[in-house]
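Below are structures written as structure tokens.
Both of the next two complexes hold subunit A, though its partner changes from subunit B to subunit C.
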Partner chain A sequence: MTHVLTPDHVTNHGLSALGPKVTSLDPRLRIVLTALFAIVTVALSHLGALTLALLLSMTLLTVSGLPARKTLKRMAMMDSFIIFMLVLLPFTMPGTPIFTLWGVEASWEGLWRAVEIGLTANAVILMVLTLTGTMEPVTLGHALHALKTPERLVHLIMFTIRYIDVLREEYMRLRTSMKLRGFRPGTNWHTYRSFGYLVGMMLVRAMERSERILAAMKCRGFSGRIILLEEFRLRRSDISFAVLFALALVALVLIEVTHGAA
Partner chain B sequence: MHIVDGALSNPVVIGGAVAAVGGIAMGLRNLPLERIPAAGVLSASFFVASLIHVPIGPSSVHLILNGLAGLVLGWAAFPALFVGLLLQAVFFGFGGLTVLGVNAVNIALPAVLVGLAFRPMVARGSPMQGAIWGGIGGGLAIAATTLAVALSLALTGDEFLLAAKLVFFAHIPVMVIEALLTGAAVMLARRVKPELFINTPAGGLS
Partner chain C sequence: MALLELNDIHFAYPGHDPVLSGASMQLNAGERLSIVGPNGAGKSTLLKIIMGLLPPTSGQMTAFGKPCRVEGDFHEVRRRIGLVFQDADDQLFCPTVAEDIAFGPLNLGKSKAEALEIVDRVLTQIGLMRLRDRVTHKLSGGEKRLISLAAVLAMEPEVLILDEPTNALDPENYARLIDILQGLDQSILLVSHDPEFRAKIAPEGYQLVKGVLTRL
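Let's look at the complex of A and B:
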């Protein structure tokens, strides 16, 4: 249903018969474990522990049987956003100098800080993509509901997920019709105005669509409550996975506590 | 403009999360269930708009349009933009998980403020006047978001000051483009469906 959000690999997860298939675990558990992992990893500062955290994410990615290249590509895309900030750090943080470039000193402290941020960001985002991002978007909404997220927020999430694809198709149609009329984007006033009109038109149509949706919902007896039917159950494989995962997190914390004083 | 996990200090991350919870709660309070379909569809529109790349010189930028979201949705822009960021983080790997609160505040708070301040002006007068106010609001929203990102970095430590300044200056062209686009979008919406910016049962959301 939602092609924009759903990576191709969600539907064909028969690739690996080995290892725990991440996609068959309880979605609630996947969300909770992802959040725990993120919190623990952000709290770590020892580089060894952070490297292990990244390795843990990578291991999970490998045994989950997901196409690793695609996921790593997404991770690399995030890196391209932050690389600039990381490169600056050695030069802006005072400390023991490594070398001087055009009269500016690079410090070891800054370099390690940059490595620390890079490792943390990659470990967390890889875990998010592997453990939570492989869910059907609709399942994410249901699982969040089961985890006691406020009902209205869940409904907002469900509506957004439901209509992202519809609106993207509308956007594509509008772009096609612009193209047919000879529109070619460039750096000029005409382009920006046309894109502005495009966005404005999308909003107008979205608003009118939502009026039709509400009318249709009322016709079907909408009383202000949306009932989510999906039910989740923890199985033995979920519990053993959770225990293993928790042990790995405890190990990370132990490394941090015993070695991370520096 | 997404900040990633591990970059910010704990007080900034926690402060951002608390503020985001407050903003989402405030937005949801202004969102009766009858309005959820409209808010959801608009939230999806802004998600799709953020996938649009607009050329600028040899490069291109993707749209944020948080100012426009604020003008159309008011307080409801907060949860709507938060949902967008959540989906981007989970399914695209943009940003991070623990910084979701900070990112939400940085993008949604300017949206709400611009919405509250400029909506009356955008709805009044000729479509052209509305478009000019809309453009100013759209540009200001991005400027405020950039400042908020820079502030999050600067509050974390002095070592980020240079990066924070560069973030701001690098985004000046983005502010101009967002202003132009928001203005044009308001212009069209004012002509085609003026009630989009007015608080009526059929029109905008507050």
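Let's look at the complex of A and C:
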């Protein structure tokens, strides 16, 4: 979903510019496996098992043929959200002290917990990027629908995909017209007020547009249900991939159970 | 028999001056009429009343020989009259072209296979089969316009209502639109400021001034 505005003009999931190998898998399967992987990884606490989970994500990344650097950069972006928590954790958790900084003690327990969270987060996010992030957003919507996600949520995704660009264009047009009339943002009331107007105008336009869209839908016989066309089929390669993936997950759980208790 | 008949329609948006004050018109089978009038004269409002999106304050609208008053009466009207909106972005709301064209037929209870068949037929008819699997928001303005027409044609309407169809069309798509429309056998009600386009599609019609329709 990170590429909502892909340059791709084609929705066929076999032609996605990114991840040529992963994209041949059934999108439903990719979502389910990602979810399973996330659940298992979050439940792990043994550092060895977590490292293996991260390795599994990494391996899949290399196999998938995704541009590794770009994907890792995306992963690092997520890290920037949690970095402060990770850095502060050793200082906030009580336990065996490692060292003291300005009178605050860092604990081993806190450090290990930080490592654990870091490994979990990165392993999961990398798997999400590799397996589901490579999907065309439209395909994701269809796959979620096929997985019996509530229709309203699926329609929300579909409408978002469809109109995010229209809204962005509207924003750009308004912004350009502001610029053309000499508007330069600064730290003053005029700027705040102008941006307020901009946001307000976008809300009003979005509201009006939604009414026009509903009218157009009614004119074509809309009665509360949108029927989606796409159908998915599991192939042999999907099944063998799923089996391998499940085995890896079982191995992770086994490591956790045999070593984690200690 | 008149396909569409408006009789003494009055309408005002709450808190504003009346937009329509006694508008009457008639569209017969096979007829192609245009409606002209200055900006804000109430042309779009008139179309909304025809489609049952706005209820008139008073007056009667009859479609296919039946009076239409409540929402339920208009389900039939919307199946048999196709309205092409002024802004194609309002109409194309599905992510892909094929899905958007299939939306109407699916609502009419067609199966997926039938709907896809209609999609292919309509796209072939307007010569845009190459756009079938494209993402709608990435089409050019002209392509969007033609696809929104295709989406309406997919419902096989008996009457086609076009609201400013030549907006944002380049000469090539303009010519193509004229070609397509001239090849159709539906009755047409056209709202357009473009005299050349009107002359080619629907030279006769009504003028909407001060809330009243007068025959040109």
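The rule we apply is simple: the second predicted complex is superposed on the first by the 241 of 262 C-alpha atoms of A that agree within 3 Å, B and C clash if a C-alpha of one lies under 4 Å from a C-alpha of the other, contacts with A are read in each partner's own complex, and residues count from 1 in each chain.
The working rule: a contact is a pair of C-beta atoms (placed from the backbone, for glycine too) under 8 Å apart; a residue touches a chain by one contact, two chains touch by 3 or more.
Because the structure is a prediction, the values reported are computed rather than measured.
Colleague: Between subunit B and subunit C, whom does A:Arg74 touch in the aligned arrangement: first, second, both, or neither?
Modeller: The first partner, subunit B, only.
Colleague: Touch test for A:Ile161: subunit B only (first), subunit C only (second), both, or neither?
Modeller: Touch partners of A:Ile161: subunit B and subunit C.
Colleague: A:Val128 in the overlay: touching subunit B, subunit C, both, or neither? Say first, second, both or neither.
Modeller: Only subunit B; A:Val128 stays clear of subunit C.
Colleague: Taking the superposition as given, does A:Ile227 touch the first partner, subunit B, the second, subunit C, both, or neither?
Modeller: Only subunit C; A:Ile227 stays clear of subunit B.
Colleague: Between subunit B and subunit C, whom does A:Arg209 touch in the aligned arrangement: first, second, both, or neither?
Modeller: It touches subunit B and subunit C both.
Colleague: Please tell me which partner, subunit B or subunit C, touches more residues of subunit A.
Modeller: Result: the larger residue contact count on subunit A belongs to B.
Colleague: Go through the superposed model and pick first if A:Met217 touches only subunit B, second if only subunit C, both, or neither.
Modeller: Once the two structures are laid over each other on A, A:Met217 reaches both partners.
Colleague: Do subunit B and subunit C land on any of the same subunit A residues, and which?
Modeller: 137, 158-159, 161-163, 166, 209, 213, 217
Colleague: Report the residues of subunit B in contact with subunit A in the complex, numbered from low to high.
Modeller: 2, 4-7, 13, 24-25, 28, 31, 33-34, 36-45, 47-49, 51-52, 54-57, 63, 65, 68, 72, 79-80, 83-84, 86-87, 89-98, 153, 158-163, 166, 177, 180-189, 192-193, 196, 202-203
Colleague: Show which residues of subunit C lie in contact with subunit A when the two form their complex.
Modeller: Spelled out, the residues of subunit C in touch with subunit A are 48, 51, 53, 75, 78-79, 82-83, 85, 87, 89-96, 98-99, 102-104, 106-108, 112, 115-116, 133-138, 151-152, 155.
Colleague: What part of subunit A is in contact with subunit C in the complex they form?
Modeller: 8-12, 137-138, 141, 158-159, 161-163, 165-166, 209, 212-213, 215-223, 226-229, 231
Colleague: Subunit B touches which residues of subunit A in the complex?
Modeller: Those in contact with subunit B are residues 4-7, 34-35, 38-39, 41-42, 71, 74-75, 77-78, 81-82, 84-85, 88-89, 91-93, 110, 113, 116-117, 119-121, 124-126, 128-129, 132-133, 137, 140, 150, 152-153, 155-164, 166-168, 171, 185-187, 189, 191-204, 206-211, 213-214, 217, 224-225.
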